[in-house]
């Protein structure tokens, strides 16, 4: 274990770099052989106390199967080692609650931020850009907590209902129609306009760089919770800062997935599976503690949340490095 | 870890094959040397993540000692490894609650079954064939829960008291007289008749094959909880099914012992001992969840409990096998 | 794991021998190289399942740093292994609550003893000889529980206030003035006289041999809780016994530190950090159980607490040895 | 190394069991995958000091390639290990002289036997049944030593020339026509009659069981050198013994191949290749010494060469076993 | 062992990459620590069957000491392993004859080339550019074989004596005066003119690129033996080819050093030291065989010696790669 | 391999400490178990590249069997490892010529010494104190070389024949009568007087300290070859030095046994057995080279042979130590 997800305050987690390749038009059989030979070549460089691969973008719909192949091939060399990958199928040692983890982490992050400002999720209006695994889970959990989801977009289009979209119905619609377009309980809008809809909290949950100088001035939300990786570019960051918009940075806000990957590793190491309720509760504890630590860093250094989060992470790694000594 | 006690829903437990040999007239010293040389020959084939031996029938009264010898000899080759055997003495890493585990599991299984039928243990009448470790613990725990034990047999004979036997007194009597025969608080009956006594729940807790076409039609219990291994033969199974007797199959009903062996392994892996209360509580969680899973399988496939339990187990192993891939 | 801190009832803890050298006038750089070369020479003799070094007297103020160097050097040979040392900095896997652990264990020990005699800490008068890490933490925690600290000494002198010293103020004073001398809320007394002050419980928390035939007859406390190692010599032991003074022996009373070192190892093994509250609660469970076990041994063998504690420890080791067999 | 080719007096050679499968109609690609997966499954059971596979009957024409695949796959698990298989291609660590080794060993065996009877190879008349790798090399080397090859057979037919066949011409003919049939320098004969041709030394170099009660009485040779495995069945053995025919048994006579496999292993272990001349010289030393040892055993026990060879082998294994002790 | 010095026909030698750094103004103590920390970082990437470091240019005068430090540090991790480096001091397992090996190899190469043209070293006139380890050993050995060294240069200047320089006297002079300049038995000449002196064989034994279009046309030697690495640039190669000058390429001609490094490894692997005479004899066998193999390749492909040497090396590596199979 | 038998110039030999215990009245079965358990306890401290046990005094007549038990037990832990002990039975990898090695080394040492003084063994008169393995082999080999053995003693007595004892007859007598006493071809003498018999070369081949101030002045030999360990005490050393007696010290003179133990290790490492002739020839090379090295040291430092031998050994170890560097 050489690298810590320091902001998320994970004390033992190995580096969880995302592994994936665009399956493109490879057959499943070709993908299996590719994955196995790749694992043969790196088997000495990964390990339960070295580096622990996890899924990331581009791994395609069979990603859990891919993790299973890595586990199986690795185990030929090192014996059965479920902790060597995370994001595994539950039947091979995956964690309950892993699917929803990033979305659930976004909820906990938003809660922590709103509580800090004397609010709760209940009654707030949310606009969510992106309705994949992260966005749809966030929407569902926000809805359960009494939040109003007023606008949603995905690659098929965007919809809006200022009274709040009925999320369970939307999820059913999406499952059937492979996209939000055509949902009866909301009005179609220009996909681009989701980001500048009237709302309290904006959750960009798709690609990077979507909030930039072209639209930053038009954003109406008071809070942005970055569920995607680097959705806000530096120029937009500065514009929004001047406007008083509070941004909860990605490095903290979308860390729920990697955190539950760490819990999966812990369960594998301990040989004992957690119930889903425990997974969710411990995730909440980590996310809440993380927000408090970031906030404290902001006070000490009088900086915004993004700088506070980076400072927190860098400090933790630096302190560990110094403690290891000069001949490390 | 290559094999799961799938029905019992043990996610990490290694195969726990029973090890034992009839000590016959070997001296303790001969038995120790035999155990050590045997361990030398198999030390590379067992291991905390490979296969984990546990006691089984025929290991005789010094079985915990035998497990200690295996542990000691194995550790010469691989360093101190308490997790390599279960059923160890507590002073060497055994689990609290391991002794009572199979009997306690029978209680939890019976509770789950009765709850399903809108009943509780309290007030029900139980007949128990066999009064060894499993039967006597089951009797004691049933008594504590308010159940009536109306008939009991062992190799010395059988007794009956339709008002309910005073189990604590019986245990004392058995300790002193090495058998149930002669107990004053009940009437002696023909040992064979225990199985056909008038009762609500019959618990065969001795050998296999005792319920067969010769006595199946005479059984009066509405429920049979199989504490022994395969006490009911296929013919009897069919007869009882037609009579509407509900049988809780051995593969589920007597899995409490192997489940706590798994907990012992977990405690060893984690380097931390559980209090007895925790052992019992987690066992209850596992047994209750197991019943629910079996029941669900029965609904899906419209089958009886025995078929449901087998289907559940086979499905879990099959799913894991498929997930590992075609070149596993 | 070859040796158990048997009295403290630690089932899995490796031997935790204290490691240290008087840094004397070595530079930090020289100390680092010395520590690293020493670790190179012993790296095959220690290990997470063999022997686990921990800090002890003489390791000086940079002791956590020293543990970090051992960890870092050891990991060059065996991969990242936080469990190989305890007393580490928290950023490298140390346990929350480790600093206060010995002092907190002294509190729990005193509580257990007082409860046995129908008393609680609240309202009792304590004299504490030594105000280093152990003594000052004990004083603070006793104060929080409502105990009165009526006399305290350290290498700078001794103070007394029969109404109870305001411990938080004293801690502040000591932090500023590097000693108890000069504290305004108490009267200066002869350092030697702390041991014979009028109090209910005397806690020697400095060096060995301080209670001896020269002062044993003058001791006024009814209870002595040995926070230091062997503060009472055998002659004093006999004198005090005749006077009816009850002594809680060091092997039990100051085992809080080694016990939390064991918890640190457990957390490292499990890959999961405990919250401080859990550390303290489990420590209390262990200390309370330990007192009960010692007491039971005293009843069985009709002996005093010191003999009971030794008997308990020796018995546990002996029993494990016999169970391992004759060819171990 | 657990088993010695005891008769051949190989002091360090691991067991060299032949490995092979009939390639049948497998494609080369299928054969490679089959070989690799097989190697994955047994990689922990073979090894340079455990068991060392070598080619045997049925491995087909690509056998050296098969050995290379085993080497390559094994090396993924254990690092580059040329000594783990023998019969490898020379470019991957095979031995010079390995191809001719069995045939050359037959020559040395025949020489030793003839010398014992005051004769040399020169001038003797040989009949050779089978003209594959072993038979053709034997013929060529016998020819070089001045022996007359008077009859030869293979699966295409048999030829005879009582003045001695021109072996180099025959080899050229066989290379071109894939068989001995049609060779101009000899007369075609019935293939069965090769064994009963008029000659001094008969060399069966094809399959087992060819010399039996049907033809034993008709054999005219005074010496039989068994180049094939068990060409003489027990009945024939008895008949020939009565007739005074001296049989050099297969276990000794065809051990040249396994002996040079051992030399290949030695070269790999030593990291240094032998020149072909050295391979042949050491082989001669071993074969000559082997004959002497067998002969001595025959004198001690007053038995024939077959029994002498078996006795020699069994004795060596038995002596080593006894020396290892009773707890081995 | 993954790479073969294929031209030199070394069957088992691991890759022997040169290791070195310019000691510059580092103190010996700093150099030792640098070497040790470097070794710590790569210790898992080198090994007696993986890659075996050896000295190369720039390692300075203490190079054997540097190899000893690598050996010592590596052995802390893997146990005593003399075979892990070559070019070691003899007291730690270095080979006799290693110092002179490159120069001696140049002699054997020149002999092979001259023999091919019906000549011997005796009586031929040699010009040697560079008089460091390689050039001075070559000069001494050529002198011993009866060759005339007619011109020599080094960084201090150049000398010439068409009757042949007295090499032993020159060596004594160089030892005393740190250079060839001022030697009484020869005339001083322009250092550049050494390459174009009148001689039969020119031996460039210093840096690369010294023979180029500026001087290629003026070269009078009929043979060039490349003792340096790439002393002849491609343009000069073409010019000299047209003039009929025969060039023995560096990849073959200066391989004596790496070949004896391989012998050093063999001696370490075998645990047995060779006498110097054996080292030199085996070197001669390898160099002579190497020339023959290159020559044969030249005939097959009708090419010059440089192309023949490259083709030989590439072919050997390619053949081994194909033999390992497609899933290697 | 950490220590070299430096005087004997063994470059790769591990430390060959003698192992043994007086079998006293242990049964063979008890001795086997003792040896096995001892081996279990030290198996990680010995090894083919660490320390290699060999027989020494007190191991009794079954010493080769003892070495076989060590080998067998060690191999349970580390796989078959013949090189881990020397002095093994030949059937398990022992060396030919090992039995005679110390005696043969004494012969070679005496030859080297005599040659230095312009003499040969032939015609010289030898007195040999001790007729065990070393003394009897030395006598036999000296006899074969034409030397006269004029006096011999053992624990049964002493004999003398100034014309030379017929050694083959004596050996036969000793085999039959378990001692030299009663041999007809010589006269019985006082055992003590053997050391002071009239002879050219005295060979003490029994215990230490036999040549001391009590008899040193009476010694008539011109040369003493120390076949025993430290037979000459320091006082005697001084007296003899003044008398001009030349002493060949034990550290060199009796190193033949340990040297062939090293050859045994080499053969095991190389997987190839040496013929006896080779063993003896290489031993002679080592002994002759050793004498030359000692002699050279004597010239450099102007000292006697004992001091020369010690200086040689200490220098070699020191030089290796310095070369390993300061952080070794």
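Which chain is which? They are A, B, C, D, E and F, in the order written, and residues in each are numbered from 1.
What we mean here is this: a residue touches a chain if its C-beta (ideal position, glycine included) is under 8 Å from a C-beta of that chain, and two chains touch if they have at least 3 such contacts.
In UniProt terms the chains read A, B, C, D, E, F = glutamate dehydrogenase [NAD(P)(+)].
The structure presented is a predicted model; accordingly, all values stated were derived computationally and were not measured.
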item: Most distant chain from chain C by Cα centroid; value: D
item: Interface copy of B-C among A-C, A-D or C-E, judged by whether over half of the contact pairs recur; value: A-C
item: Chain B and chain F, separation of their C-alpha mean positions in angstrom; value: 67
item: Cα-centroid distance, chain B relative to chain E, in whole angstrom; value: 76
item: Cα-centroid distance, chain A relative to chain B, in whole angstrom; value: 44
item: Junction residues of chain B - those touching two or more other chains; value: 270, 327
item: Residue numbers on chain C that touch chain A, as the complex places them; value: 29, 32-33, 36, 64-65, 68-69, 71-73, 79-82, 89, 91-93, 268, 270-273
item: Touching residues on chain F, where the partner in the complex is chain B; value: 40, 76-77
item: Contacting residues of chain F [partner chain E, same complex]; value: 1-2, 11-12, 47, 49-50, 265-266, 269-270, 316, 319-320, 323-328
